[in-house]
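Have a look at these structures, which come just after this line.
Each of the two complexes below includes chain A, the first together with chain B, the second together with chain C.
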Partner chain A sequence: MFRFIFNRILQSVAVIFVVVTITFFMVRLAPGDPFSSERRIPDYIQQRILEHYGLDRPAVEQYWRYLQGAAPKRFRPDKLFTDDPLLNAFGIDLGPSYTSARTVNQIIAETFPVSLELGAWALLIAVLFGVSAGMTASVFRNTALDYVPMSVAMAGICLPTFVMGPILALIFGVWLGWFNVSGWFVPADRVLPAVTLGLVYAAVIARITRGGMLEILSQDFIRTAQAKGVPYGKIIFKHTLRGGLLPVVTYMGPALAGVISGSFVVETIFQIPGLGRQFVQSAFNRDYFLVLGTVSIYAVLITLANLMVDIVQVILNPRLRFED
Partner chain B sequence: MAFPKNISPDAKRLPDLSIDPEQIEEGSSLWQDAWARLRKNKLSLFSFWTLIVIAVVCFAGPLLTPYSYVEQDLERTLQGPSWQHWFGTDDLGRDQLTRVLVGGRVSLTVGIIATCVSLLIGVTYGAAAAYAGGKAEAVMMRMVDILYAMPFTIFVILLMTIFERSLLLLFIAIGAVEWLTMARIVHGQVKSLKEQEFIEAAVSLGYGTRRILFRHLIPNVLGVVTVYATLTVPSVMLLESFLSFLGLGVQPPQPSWGSLIKLGADNIQLFPHLLVIPAFFFSLTLFCLNFLGDGLRDALDPKSSKD
Partner chain C sequence: MPPLLEVRDLTTYFHTRNGVVRAVDGVSFTLNRGETLGIVGESGSGKSVTCYSMLGLIPMPPGRIEKGEAVFDGTTDLLNCPAKVLQSIRGKRISMIFQDPMTSLNPYLRVSTQLMEPLFLHEKGIAKKEALKRAIQALREVGITEPERRLHSYPHEFSGGMRQRVMIAMAMITHPELLIADEPSTALDVTVQAQILELIKERQRANDSAVILITHDLGVVAGMCDRINVMYAGRIVESGTADDIFKRAKHPYTVALKRSIPSLGTKGKPLYTIPGLPPDLSKPIPGDAFALRKGVRSGGKYDHTPPPMIQVSDTHWVRDSDCELPSLEEVLDEC
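Let's look at the complex of A and B:
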């Protein structure tokens, strides 16, 4: 099992490395540079700017310098809550931003907590509603308590975030006036974006939970437990839930990746100053280092989530322990 | 509410999948069986006809409206629905009905073509891996696993921002993401079919590779491929609209349902109809495609058939 975890960690590091490399060369080999869209400036000034950012060097050299800056050099957990945690706690320097006076580190330090909070609420909503709806549906199979939540879930899967968000804003923001249509100031501003972002995944998790629970419920040991007179509540919560939730754990990796790409849209709709909106903007502005920085953060997050899912899966499902 | 007495699945409640005995006597093909089963599924059938209506209206409708989707009328911007403009006008005074229809045409076209791209790559790759077997198969499928772990939406966004945006690039970008699932499914199918007795029987009867391939393997994979192609279309349309919503997909003045929804989202405070109408058509199409896909899965999945 330790060999398995070790292998998976190695693989994760490789994936992050590959993502950063592909992104670097994709951004660098593209036509135009970050300053090409701006007002025409004299050539010698252009030259000085390129020199300042190291853009006049060969691509491979730039890549090497970027990697040196971006590689973690230390780990100081006590410095995590400073104004530049990436540099102070990990020794990571993601370079300057071309379109802002701040460094990429500072921009990420400002916007990432916002996105993290939004994502955490969304995932909480997704798991809470998804698992309870899926469990109800599987226990009361083929009754109204199955059909109604599952139809709602189907609707939730079909309606994408960018339809759900504006519609929710229209109903609860404009017509009912319960929430602000956009912004990120008071605690109530968290509700609409988090619900928008979490609903799709709640729907998927509900369907997965239902399927997983039904599969376990049809097995012989459940029948045995029933025959021995174990109370239904105990059968559901003690015997079925652990196995039935396994597919949900597997889904958490893709769900996190989905929440990240959903945040691009949700943060745009509700005008939330988060990392997602920053990423889309930086891609539009060809702000190379900012694009690279955000993509690296996302790559680390997604691979970390996948890694954790794999490890939790092995812990929950002993049968997996003997495979590589 | 009391717990039901028996919580293990009840076999009697399974849907009746049997087909007419008369049809069996005639010797029905896989597709005839599937159609017979699909016809019994009211929701899927309804979805099927709704999709056909939407497609016909989107492709033929713009020819019938008296406006073009680029024609601006700056004196009549942001109007509500009226007899001249059934769905009102947008921020540049363009007829919203025409734009919704043309947008649908663009979204559907992207959905179908990008699905074909992903089908082509996915089926070839998956089948090739399964046929190759051994080390080559292991390496090929491991590559798919690794690609699966990549944050692909991010790469698609990067592709669309960095390079000159065009429909062709959009097809390539979306097709490149969606083929992975198809490759996995086809690989699994072909691999398990190869091992089955009827293939062994065909081999021992002395049939040639071509006959086995085209009479026995392909028809069996085709059903599953059709199902997943139907389910890929909505996910492609979702990705396209997602990109168009962010302003990275279909470029103006060309409308797409995603960019129309974006315009509506920007104006919800004052002009909710700009959001509601394209959102309704887009959601309806996605619903129908998903229900049709589900129905097709029930109708075409060889495991659910009685014989």
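Let's look at the complex of A and C:
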């Protein structure tokens, strides 16, 4: 088990390295540079700016210098929970942002927790609603309790967040006045964005849960349990749930990636100061280091999530466990 | 003392999109304590559905028990009793083992959990320690070595034969009065088959249980059963002691089954097979179902009326039939 986790962490590091490398050269391949959208300035000033940021050097040299800055160099637990950005504790320097007075470290420190919180709420809603709806549908299959949630789920899958968000804001923000239409100030402000973001995944998870549960319920060992006199509730929760939720766990990796990349839309609709907006704006601005910084953070988060998915799967499914 | 199980006119239909499948059509038999009953027939003859119906294991819908009763121990009608009552009998007084041991154990739960489950369900208030002791004892009784170590393994860590042993241990742990074994040896290697059947016999004797053995293998029932029911197309066509069936078989289907046992033929001679297939059960069969089989010649006596059961002796009943089997040469021509 520990060897498995160790191997997977090594793999994750390799994946992150590859992602950073590809991104580094891709953003430079895009036409324009960080300053091309600004007012025309004399060439010698332009030259000074490029020199200041090292942009006049060969790309490979820039890449090497970036890697040196971005690589974790130390671990200072005493710096973990200070006002300093978390990354400083590891000696990670993701470079300056060209379009803002702050460093990439600072931008990530300010905006990433907001996105993470939004994503966490959204995933929580998705799992809670999705799993319970899917289980209900599978237990009462081919009745109204199956058809109604599954139809709603189908509609939920079809509705994109940029439609769902304004509708929810209109109903619950404008008409009913229960929540603020936008902003990220009071706890209640979390509700609408998290629901908007989570609903699509709740719908998918509901369908996956239903399928997984029905698959297990049709297995021979469920009949064995019945023949042993196991009551129906126990058959569902003790004999079926574990296997039935495995496909959901598998889906959590892609779901997390989707929630993170989808958060840009929701953050824009509800005016939330999150990382998703920084990510998209940085790409428009050719803000090389900010693009790289956000991509790296996302890459770390997604590989971490997939690692966790793998571990949970091994815990849930004894057949995946390794012989020692 | 009433018989342990008395089944009368059990009729189970499946209401599918393609019509009503008459899987079991008026089956009656009795089973005494400690007795072994074999139910023989080819696939789809209704032998498994008969037993699943009695334990409420038929998926409903599409299945439905149309009529009949199955009185257990002279008191409880298994087909018409409250679900709670049936649940308290299943796994406690009637246990079941299934055909495929590879899929019949829950792969997500430890063997110990599954073994002790019937104890926690049916012997309320049993201490964990006591249950563990019983589980280890049960594993030892079915011939699993080092039961203390293997108890907490998962099913995939056992071989097929070993899993069937675990199934038997699980079924017998509550000392049931009746064990239903649904083709317990079919999915196993030939060498393991005999061991498993021997084990069932041995456990039966130790617990003084009755056994219903469902199989399509006449060779299996020959050595094990006191009485044998031969089923065809959802009906019993012949019922009697092992001797009645093997020495004095009357129904042409039973005769054909016997002729197709490989070991009874002479070496080098082609093996007898029954040509054709059982009839489509989704269409009503007013008369003799066997007469509809390809290659079987029928005098037409039971084309439109159901053939009655005729008593041959005290123990031997056979469904009347005027069918004649094709000869081996005709069968070979057919192939």
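Everything that follows uses one rule, which is that the second predicted complex is superposed on the first by the 307 of 324 C-alpha atoms of A that agree within 3 Å, B and C clash if a C-alpha of one lies under 4 Å from a C-alpha of the other, contacts with A are read in each partner's own complex, and residues count from 1 in each chain.
Definition applied: a contact is a pair of C-beta atoms (placed from the backbone, for glycine too) under 8 Å apart; a residue touches a chain by one contact, two chains touch by 3 or more.
As the structure is a prediction and not an experimental result, all values here were calculated from the model.
In the overlay built on the shared chain, the residue A:Thr224 is in contact with chain C alone; chain B does not reach it.
When the two structures are aligned on the shared chain, A:Thr268 is found in touch with chain B, with no touch to chain C.
Judged by the touch definition given at the top, the superposed model places A:Ala203 against neither chain B nor chain C. Put simply, more of the residues of chain A are touched by B, taking chain B and chain C as the two choices.
With both structures placed on the common chain, the touch criterion links A:Ala299 to chain B but leaves chain C unconnected. Of the two partner chains, neither chain B nor chain C is touched by A:Leu168. Chain A residues in contact with chain B (one complex) as well as with chain C (other complex) are 223, 226.
Taken in their complex, chain C has these residues touching chain A: 55-57, 87-92, 95-96, 98, 100, 103-110, 117-118, 121-122, 154, 156, 167, 170. Those residues of chain A whose C-beta lies close enough to touch chain C in the complex are 219-221, 223-231, 238-239, 242-243, 316-319.
Chain A meets chain B in the complex at residues 11, 15, 18-19, 22-23, 26-27, 30-31, 139-143, 145, 154-155, 157-160, 162-163, 165-167, 169-170, 173-174, 181, 214, 217-218, 222-223, 226, 232, 235, 257, 260-261, 264-265, 268-269, 279-280, 283-284, 286, 291, 295, 298-299, 302-303, 306. Remark: chain B residues 1, 3-4, 6-10, 13, 146, 149-151, 153-155, 157-159, 161-164, 234, 238, 241-242, 245-247, 258, 261-262, 264-265, 268-269, 272, 275-276, 279, 282-283, 286-287, 290 touch chain A in the complex.
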